[in-house]
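In what follows, chain A forms one complex with chain B and a second complex with chain C.
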Partner chain A sequence: MGPEDLISRRNFLARALQAGLTGTLVAGGGILFYDPDGPMPPVVQAVSLPDFSISGIKKQLCIVHGPDRKKSLRSAFQALGGMESFIRPKDRVLIKVNAAFATPPQLGATTHPELVSETVRMCIESGAAYVAVTDNPINDPQSCFELTGIGPAARQAGARVILPDPGAFAPLTVPNARLIRNWPVMVGPFEGITRVIGMAPVKDHHRSGASMTLKNWYGLLGGRRNIFHQDIHTIIQELSIMIRPSLVILDGVAAMVRNGPTGGSFSDLRRTDTLIVGTDPVAVDAVGASLLQRSLDQLPFLEKAEAAGAGTVNYESLNPIRITAG
Partner chain B sequence: MDMRVVRRICQIFFLALFLWLCAVMTLGTGWRQLRGWPVNWFLQIDPLVGLGTLLSTGRLYAGMIWSLAVVCMTLAFGRFFCGWVCPLGTCQQAAGYAGRRTRSLAGKVAVNQYHGAQNLKYWILAALAAAAAGSGMFQGMMHVPWLVAVIVCIAIGYFRGVSAFYLGVGLMLFWALVAGFQKIAPGFLQIGLLDPICLMQRFVNFVMLPLVDGGIVDMYPGNRFYALGWFSAAMVGFAVAASVRIPRFYCRYVCPLGALFGLISQASLWTLFRKNVQCRKCRVCEKDCEGACEPSDRFRVSECVLCLNCMASCPDDEIRFGIASGRPLPIDLERRRLLGAVVLGVAAGPVSRLDPLNAAAWNPELVRPPGSLDEAEFLSRCVKCGQCVRICPTNVIQPAGIEYGFSRWATPVLNFRAGASGCQLNCIACGHLCPTAAIRPLGLDEKKTLRIGTAFVDWGRCLPWAMDRPCIVCQETCPVSPKAISTRIHFSFLDLGPLAVEAVDAAGIHLKESVLPPDQLATGDYYCVTGQDVYLRILANTDRLLVLEDSGVQHPVSEDPIRIAIRLQRPVVDPNRCIGCGICQHECPVRGKPAICVTAENESRHRSHALLISEPQSGQP
Partner chain C sequence: MHPLDLKPSRAVNSSIIAGIAVLTALAFLGVWIGYRQLHFNPAVLAMRTELPGTVPALQADSLIFRIPETLVAAAPERYDAASLSDKINGKAELYLAAGFRSLTARRFSPIKLPDQWVEAFFYEMRDASAAFSVYSMQRREGAAPSDVAGFSRETSNALFLAHGAYYVELIASDVQPPLQEAARNLARAFVASYRVSEKQITETEIFPDAYRTSDEIKLLSAPVFGCECLDRIYTAFYEIQGERMTAFLARQDSAKSARNLALQYREFLLRYGARELELNLDVPGVHVLKIFDVLEAVFTRGPYLAGVHEASNEDRLKILVRTLYQGIPETGNGA
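Presenting the complex of A and B:
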């Protein structure tokens, strides 16, 4: 072995440094990514929705008779002391409509676009800083919002339309609830919201008896929500305390008396010419039940919601204002 | 100005236009949504789609008439479409350019040499056209114009040379052969497999857009899924990747559309040609020759894609674009091989249709989009472009795999589990977009009564039928009016046995033993059945106390034992009303293998699939 085969000191140091650095990097990387425990069972940070009911005012209910939705709506709020008593300047309002099906508005399976646009306008007139309209429909969301006319109506009136996207859902637990425990709920649109309005049509519903403002909150549920049909009255009861709206608007101008909740034919509708606005969803739905000529016995979810503290089925106790519009 | 710059701008423009028309193919009224954009334009100007459907149906449907314009322009200028318009050609050209950039001049020239295998694409075209014509010729014989066309072909063949004459006679003979197969051999249209526009439509619609959706722009709420998207990606990927080594690999060797243009260009007026017959054979013109058409030698017009690179690179400025004297170099199609390809094509249809899937053993899972023609006619029109799959707002239309038979690959089939919902009652988008009317355009009224299948409840999986759980989501979401799903009330007794009563008072019924699950019977679905067979809804319960609804009926005063029952609504489908939209199947809480499934039974397009003894009046039960 001649001296030319020997590595020079300088070379040795350089190569030793190189090897050392590489070793350090590899070891450092290994330590950085070291995971001694492996995957843990998921920890669910369940969120909850704030109470949006308006504090400091007593429960109110207005029943308007008339065929014109816009006029009825204006008259109702006039009788209740104006939209200003519900929506304050700078309020951020979320309107939960029923846009479950991709059917035209005339068929009454979804919230009527005229009501949506008029409510949005009135909110903005009262100084609302932001109005959004949302739902997580059963049919294709985009088709639903376009075909029902709700999307265009809301946008035209100045509201934002929020379609469901996977990021909007978070696991939610209703206190003391049996069904809504860590269940994905569309809470995204509620971010920064100060007032919530529920808007639904009066519809027949074969499983629950009727679909009105309480059943409408079903549309906030995500995941495999269909399984809750196994206990429909309890899920509506839990929904009634999961979300406490500022007010609800129930459209009973043309009630879907059969073949609900999809309808699909004009013969499924009956003119009942009634619009109900109130701060107690249970009372509002109880009025709606009378439009469908259904007794409380046929709609167990109403008394269950009352028992949970969501409102009262005895709507006469709220001294409803009855007026005729148009 | 260098014409190559014009050509490049043109290529980029048409590629961008192609992508744009794919991107805007989204239901909606916004400017970047489907709103009068001519999204079928590339398919409609594609003469191979036109020729294929013409051969298989004897008709040139609506917008396909545009392809005549391209034929006329090809008659004037040659294969301008390949070099200036085709999006797949542009992608390959870019790959080829990148692949040979670093090569030497000799290396560049070497990859652009003409190869005899470039004839392959003509044989592919011959096979595909013969397959499409197999039945079309027979059906077409019923029409006088077709007969005239055949006679004219033979006459031209006779005057232009014996080979074409033989070819005509051969075709006639094969027609006679296929006529014998009439029962099993309707049109066999497979041009969509290899047509570059169909290929690109599938690639962009099934692969590219779903991948980029949601990045910069949202084209859909939620994700899009496409069965066998990877295969479309592999086909385009292979064509482009191969072009790195062999420029325009697909155009030169495979593309049946290029072959069709090559045939037409034999008669084109303007061509590239050399001013002087003698040149110094430096072959610099071949270094970037896209078509491998031998510009330094005999200028094969049928291979030239008009890239114009030869014109720009000739050091002696010898190459011109204009009207040349003399005939272009004819394509030697090698008559026997051509005949072989035709035999193969004509035979392929009947042979593939020997599969019983095409007869009595039809696949009931094959639910076609609403408005689809009967299966044989559908297959003689569908070019597998995937436009219906792309436009479907719920993603329920999927490209078929080979489980429905090879010939149905990439044709549209409804998959009620893959989509965001079933087939929407008020949507008729697919039929209005279909470029070849394989799905015919429907009106909304017709759509609502047209059956694409029928839903069947699986009693072994359905919650109320099999497991004593209330549900009826299917009934709720059924969109037709009156609903096609009704319910039967059934009280199912709980596995508690008759329960002895201790006392009955104002509070309710007190049981002797503590056997009830506390608070579990208060859902509104449980009933107490008294000894007198009176059913009373349970409002609340503890382990021994039952609080019942006040029905006006006297509570049982006797000490007869009571029983607990759950009230079930069990779904039943009325096949007269069910249109097979599959929304029930999509919404069924039994997700994996739904308890209600749509199959093609009773679909309107086939009387032989009928289920009922009488056809109902439309809209009537």
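Presenting the complex of A and C:
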């Protein structure tokens, strides 16, 4: 290093000052932009589901006896004035099935694909512009829809199958609810929907005593929903007011009378040859309870749902139509 | 001197050599990374096909991988206590209460019926009694005993067994002989591969055959008969002169523990309004109590707690208490 490389005192002080100012500016900027609270979760507007119940008609209930699901379904709607009484031209229909398990339909743990396809066809015959079938089985939705036969049946009949995806969930709070508060619910498939049909099999349930149309809405919940099993009757009560369907269809042709909700053996099923269609889910489930030979005391969620205003357990008060499918 | 005539110095030469060495090393590294990307370890690929993937592989899964005439139809699914309800929904509580460790589930298809399947559920429980508990709690109507394991039975489309610390369900998608045969083959392969020590559960063999209505023996978890103190109690049904009663039995760590538990149960009944009766019975230390018009009896023999639940007649209760007492080995070592 020669003498020409030496820095002058003046130059050194100027550079030191520049470095000091730069450091001060960076530190000051850091302090200025410091956020002691850290990043906040994105603010999402809590949503609610519209009331899909059909206004202007009195509550209706039809109990059909017969072993053939398709015939029973047709007979039920014929007795109730036709599917046109519930589905209008241009309606957009969402069918919530029970596709919770990747099991074959004959084990009775899921909605039977024959009922799905026939309901879809009847909706389209009534002029529905769009019919979709959905559920949120936590366990591999693709397998559940395919192995239960629900997916192929729905598609062949002309419906769209909607599998859960993260974008379909939004936080939802049920008014005056204790459990469903800001909880992720699969609301995406309901967008633009004008009619909702719930469709479930009659099953024994280890925790709730029975799984029918009211418990079926549990499938819309996201997150670690299994925690609700600790207070199963309350969660079913809250589900009963979270969603008010246009109508529900309860399949009691082969009821799972024990070892529910999964079953597994054909010996867990008993032929009860009954299909229930109605606009009051509580009344429909009350009929289903009789197929399981369960009393109201054994299924507290029914009276809790009635107390919440979701329907009546006294299904006879609706003057149900009783028929036998030919 | 013309600049082009300058010879590269030794330092420049060294820099060039070092640069070439670094570039060569980077080139080798790039080729190696590319090769590894194109040739994944099969184990990595296998892991990626698993579903929740939070539970380590079970011995059960590897044991039954190759069964004659059976194809593997799907990747294994594994569940722990936190994720069990993802698979079996509301029935998870039954397993969790009994001592659940993990579940491996997998579907298999017979070669003859590739569109059908048998789904195998291997529940790893805390111990043999926990596995027996969930087995015994899920009786299937009309199930017939099976010879594939000590505790096994089958229905037209399913086979259930408890073997060591495992409870196994093999569920066929339909009622067809090749499916049922595949289920039996899976069960036999599992039992043959997973050895357990004999006589892990002795209580089931102690219940006397006399007056017993069926081979149905259950292992119940607390609270048994409404009493929190009674946990892991074996029960069997008896019928004497038309009256159906429940006998119960549970081995404790010692005779003293058994006596303490008998006293706790007696106190529980007294607390809820029971009245103790003095009956002439040849069973030492037996307590007979009347509560809500039914009779309860509890006694011990060695390390065994035993008794009769919900009898309505004193004479019939006495018969069952004596029969049960005589069936318990004096040594308390089990049958």
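Definition applied: the second predicted complex is superposed on the first by the 281 of 326 C-alpha atoms of A that agree within 3 Å, B and C clash if a C-alpha of one lies under 4 Å from a C-alpha of the other, contacts with A are read in each partner's own complex, and residues count from 1 in each chain.
As a working rule, a contact is a pair of C-beta atoms (placed from the backbone, for glycine too) under 8 Å apart; a residue touches a chain by one contact, two chains touch by 3 or more.
Treat the numbers as computed from the prediction; the structure is a model and nothing was measured.
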{"item": "Superposed partners chain B and chain C on chain A - clash or fit", "value": "clash"}
{"item": "Chain C versus chain B, contacts on chain A by residue", "value": "B"}
{"item": "Partner chain(s) touched by A:Lys304 [first = chain B, second = chain C, both, neither]", "value": "first"}
{"item": "First, second, both or neither for A:Glu84, with chain B first and chain C second", "value": "neither"}
{"item": "Touching partner for A:Leu163 - first (chain B), second (chain C), both, neither", "value": "first"}
{"item": "Touched partner set for A:Glu125, first chain B, second chain C, both or neither", "value": "neither"}
{"item": "Which of chain B and chain C A:Gln106 touches, first, second, both or neither", "value": "second"}
{"item": "Partner chain in contact with A:Asp140 - chain B first, chain C second, else both or neither", "value": "both"}
{"item": "Chain B versus chain C as contact partner of A:Asn259, first or second or both or neither", "value": "both"}
{"item": "Which superposed partner A:His233 touches (first chain B, second chain C, both, neither)", "value": "first"}
{"item": "Region of chain B that runs into chain C when the structures are aligned on their shared chain, from 131-139, 347-355 or 365-373", "value": "365-373"}
{"item": "Chain B and chain C contact sites that coincide on chain A, given as residue numbers", "value": "101-104, 138-140, 143, 205-207, 226, 229, 232, 258-259, 261-262, 264-265, 267-268"}
{"item": "Touching residues on chain A, where the partner in the complex is chain C", "value": "100-104, 106-107, 138-140, 143, 205-208, 211, 226, 229, 232, 258-262, 264-268"}
{"item": "Residue numbers on chain C that touch chain A, as the complex places them", "value": "51, 74, 77, 85-94, 119, 138, 140-143, 155-158, 169, 171, 173-175"}
{"item": "Sites on chain B touched by chain A in the complex", "value": "27-29, 220-222, 393-394, 420-421, 424-427, 463, 469-473, 475-483, 487, 522-525, 537, 539, 549, 551, 569, 583, 587-589, 591"}
{"item": "Residues of chain A touching chain B in the complex", "value": "101-104, 138-143, 146-147, 163-166, 205-207, 224, 226-227, 229-234, 258-259, 261-265, 267-268, 297, 300-301, 303-304"}
